[in-house]
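Remarks on the structure that follows.
Residue numbering begins at 1 within each chain, and the chains themselves are lettered A, B, C and D in the order written.
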Amino acid sequence: MLNEWGAILIFLLIGLVFAAGGIITSFLIHPRRPTKIKEEIYECGPPTIGPTWVQFRVQYFLYALIFVIFDVETIYLYPWAVKFQTLGLFAFIEMIIFIFILVVGLWYAWKEGAFTWI
Amino acid sequence: MMQTQEITLNMGPQHPSTHGVFHILLKLDHEVIREATPICGYLHRGIEKLAEARTYTQIIPYTDRMDYLAAMLNNTGYCMTMEKLMEIEVPERAEFIRVICNELSRIASHLIAIGTYSVDIGGITGFMYCLRDRELVMDLFEEICGSRMTFSYMRIGGVAEDMPEGFLEKVLKFVDYMPSAIDEYDGLITGNEIFQARTKHVGIIPPEVALNYSLSGPILRGSGVDWDLRKKRPYSVYDRFDFEVPLGTRHDCFDRFTCRMKEMRQSLRIIRQAVEQMPEGPVMAKVPKVIKPPAGDVYLEIEGAKGMLGYYIVSDGSNKPYRVHVRRPSYINLGYLSELCKGWKIADVVAILGSLDIVLGEVDC
Amino acid sequence: MDLTKDSHPVEQMTNDAKVVDQFKRTIYLAPLEKLLNLARGYSLWPLGFGLACCAIEGLMCVQDPRFDLARFGYEVLRTSPRQADVMVVAGTITKKMAPYVVRLYEQMSEPKWVIAVGSCAISGGPFVDSYSVVPGAEKLVPVDVFVPGCPPRPDAVIQAFMMLRDKIHGKVVLSSAR
Amino acid sequence: MPGKEMTVIIEEIREKFAGIDVDEKMTVTVPAADLLSLMRELKENPEYDFNFLTSLTAVDYPEHFTVVYNLISFRHGHTLMVKVKIEDKEEPAAPSLTPLWGGANWQEREVYDLFGITFTGHPNLRRILLDDDFAGYPLRKDFEWEGGRV
């Protein structure tokens, strides 16, 4: 009487319980004896010198941002790629336009120097 | 661009790739190093002070524990200096045994240098291969003097005992096997593009800077300066063997690495020739029980695994030395590290430090 | 923890030796801490604290293909104290390094043990008369297993791990030091 | 071009620098005042060309310190040991060779750290092997310490 969706739901729940269970039991069981030195930062032995929360260069953030953009783009490509045969020419042109718009974005980011590392 | 702040990072005493307790204070501008100040001394045990309270033969175990990767070379250096001071004539057979042990020790030291360099760059398999073959050298050492690492096998005037019979055949068997193992490393480490990308054109030391900073050993030869004491100032019986001295062309980390690889092949050639020309005879010169050298001082250098290993001994006629100073190649090779690291990234510091192949027992002495 | 000797409820249920033995081997009935120690004993993560010559023998050669610490499951050599259980102090502790030895020990998370490898870590070894050497790790951190030798052979260090595992499992270690 | 013989070099140096005396093993002992000029001469003069400073150390004799330098000429293969006697044992000082050789930097710091001999002109004369707050200079003969063998 359970249709397929029920089976998937149970499978998902078991997965969740299995994963969360491991973390929660270890959280419950592990001994907690916090001391002052244990709270300090570990940096190869000696204590840290100077400020550790510093202003970092922005291109780390830009790199990650552009990666996320094109990662999401590939998500949109998947359903189209699956139904590639049946969708025919019109969807193909549509996808080309979609990709072209994003390539323009890529070109702009490249020109603005988001990819220069140093 | 936005103004970024500098961060001071401890590449501290407890770090996987500093080959022991070595500490570099890096002043970083996001990833590029603006200033690197090496701090050593975490393993300074005061061996030179302890040596002043020990008799001459009691110092031999201390020389093992300085460069513990190539202890035979330290022993030979100390004993040859003492023999020069006391003008003792070492018998031929002892000289040949010393050459075989020195070259085996050099191979074992280079194997660790190559293995840890491969681990520093990220290739654990290279490390396992190198240590697998180093165990063969360990077996040979155990056979000849009973210990794996701290041999104290040399004595002033010769060698502790003669070789057990069947030892030379085992050495020949090792010398026949080893070139195929070195080809294996070439394929595994040297040929690896990630390794080459990380080490080629990194940490370039031009020849005149290497001379100015008294660098020696594979670092000096990696910078293209043809200086190997075994060739330039042949001590003991090295003038009877023919072998080449590999030199670097690009003066970078990769060249220092390939110099060590080629040096291992040359050491194997030396060992083969030494085994073939091994004479008969005693292994120990006539040396008094209590060694009382004449008052005076002496300085002698041999080609250690890391560079020119020198001993300066001042004796005042008693059975204890007045002053023992060791010219430690690892310590002096580090003098140029702070200028060498400027402008490179953190990952390159790991590659540069691995190519200098330092041993902290020798750096801090 | 030699569980097979303890009394097991299955003995009242049946007296078929094979069934009882099978039950005893598969089902452990013990307080939670003992069970956790059973797991901890078999999967110690060593903190590679390589100081001097013993580091080559006690940390590197122990891991190489011949002496292979991986056969016992202890080959995961961590360098950060946060992820380590056992601090393997291998080498001479100098006065300049002492504060960092203590600091790293403090920063390790709780069930933690210390193995002192080599006579330098036990009592200063050949450098005990030196002006800059701490005579023994015992003066800084509580040590569980001492491995004598200068340097000890890698199989001695493996035996140290075995003794530490027995200690964690609660077996009597002192009398069983064969 | 093969350099001159060591004896010829020693004779030439003897004329150029008055205060030098040479013992039978051809080690040159030079007063601290003209150490720098002698070393510059040895390094830059093409006939001598002692371009490599291998070792730099010190010895604490009862009535004076001696700083010992060893030089090598790569081209001619000569080696030379140069010594400087420092009479003043309270504040021993010697001219630093860092302007000539970068390699002297760390070795002089080690000699300062273990002997207390200050090298004038050294860019960064600090302790290198011992802790900065370590009292005393260990390699001096009058250094007391209590070892761990209690």
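The rule is short, and it goes like this: contacts are C-beta pairs under 8 Å (C-beta built on N, C-alpha and C of every residue); 3 or more make two chains touch, one makes a residue touch a chain.
Just so it is clear, the structure is predicted and the values come from calculations on it, not from any experiment.
Novice: Using the touch rule from the top, work out which pair, A-C or B-D, shares more C-beta pairs.
Specialist: Between the chain pairs A-C and B-D, B-D carries more contacts.
Novice: Closest chain to the protein's overall Cα mean, using per-chain Cα means, please.
Specialist: Per-chain C-alpha centroids ranked by distance to the global centroid put B first.
Novice: Using only Cα atoms to place each chain's centre, name the chain farthest from chain C.
Specialist: Checked the centroid distances; the maximum from chain C is D.
Novice: Centroid of chain A to centroid of chain C, CA atoms only: how many Å?
Specialist: Whole-Å distance between the two chain centres: 39.
Novice: From the C-alpha centre of chain A to that of chain D, how far is it in Å?
Specialist: The mean C-alpha positions of chain A and chain D differ by 61 Å.
Novice: With chain centres taken as the means of their Cα atoms, state the distance from chain B to chain D in Å.
Specialist: 25
Novice: Cα centroid separation between chain C and chain D, in whole Å?
Specialist: Chain centroid spacing, chain C to chain D, equals 49 Å.
Novice: Provide the list of chain D residues touching at least two other chains, using ranges where the numbers run on.
Specialist: 130-131, 138, 143, in rising order.
Novice: Got the chain A residues that touch at least 2 other chains?
Specialist: Touching at least two other chains: 45-46.
Novice: So which bits of chain B are touching at least two other chains?
Specialist: 12-15, 41, 44, 46, 49, 364
Novice: For the protein chains shown, what form does their contact graph take: line, ring, star, complete or other?
Specialist: Its topology fits none of the listed shapes; call it other.
Novice: Mind giving me all the chain pairs that touch?
Specialist: Touching chain pairs, listed by label, are A-B, A-C, B-C, B-D, C-D.
Novice: Would you mind writing out the residues of chain A in touch with chain B in their complex?
Specialist: 43-46, 48-52, 54-58, 118
Novice: Which stretch or stretches of chain D touch chain B in the complex?
Specialist: 51-55, 57, 59-60, 68, 70, 74, 77, 81, 101-107, 110, 114, 127-131, 138-139, 143
Novice: In the complex, go through chain A and note every residue touching chain C.
Specialist: 29-33, 35, 37-38, 40, 42, 45-47
Novice: Per the contact definition, I'd like the list of chain D residues that touch chain C in the complex.
Specialist: Checking each residue of chain D against chain C gives 130-131, 134, 138, 143, 145, 147-150.
Novice: Considering the complex alone, what residue numbers of chain B touch chain D?
Specialist: Residues 40-41, 44, 46, 48-49, 209, 211-216, 225, 227, 232-233, 297, 299, 301, 308, 310, 312, 314, 322-323, 325, 327, 331-332, 334-336, 364-365 of chain B touch chain D in their complex.
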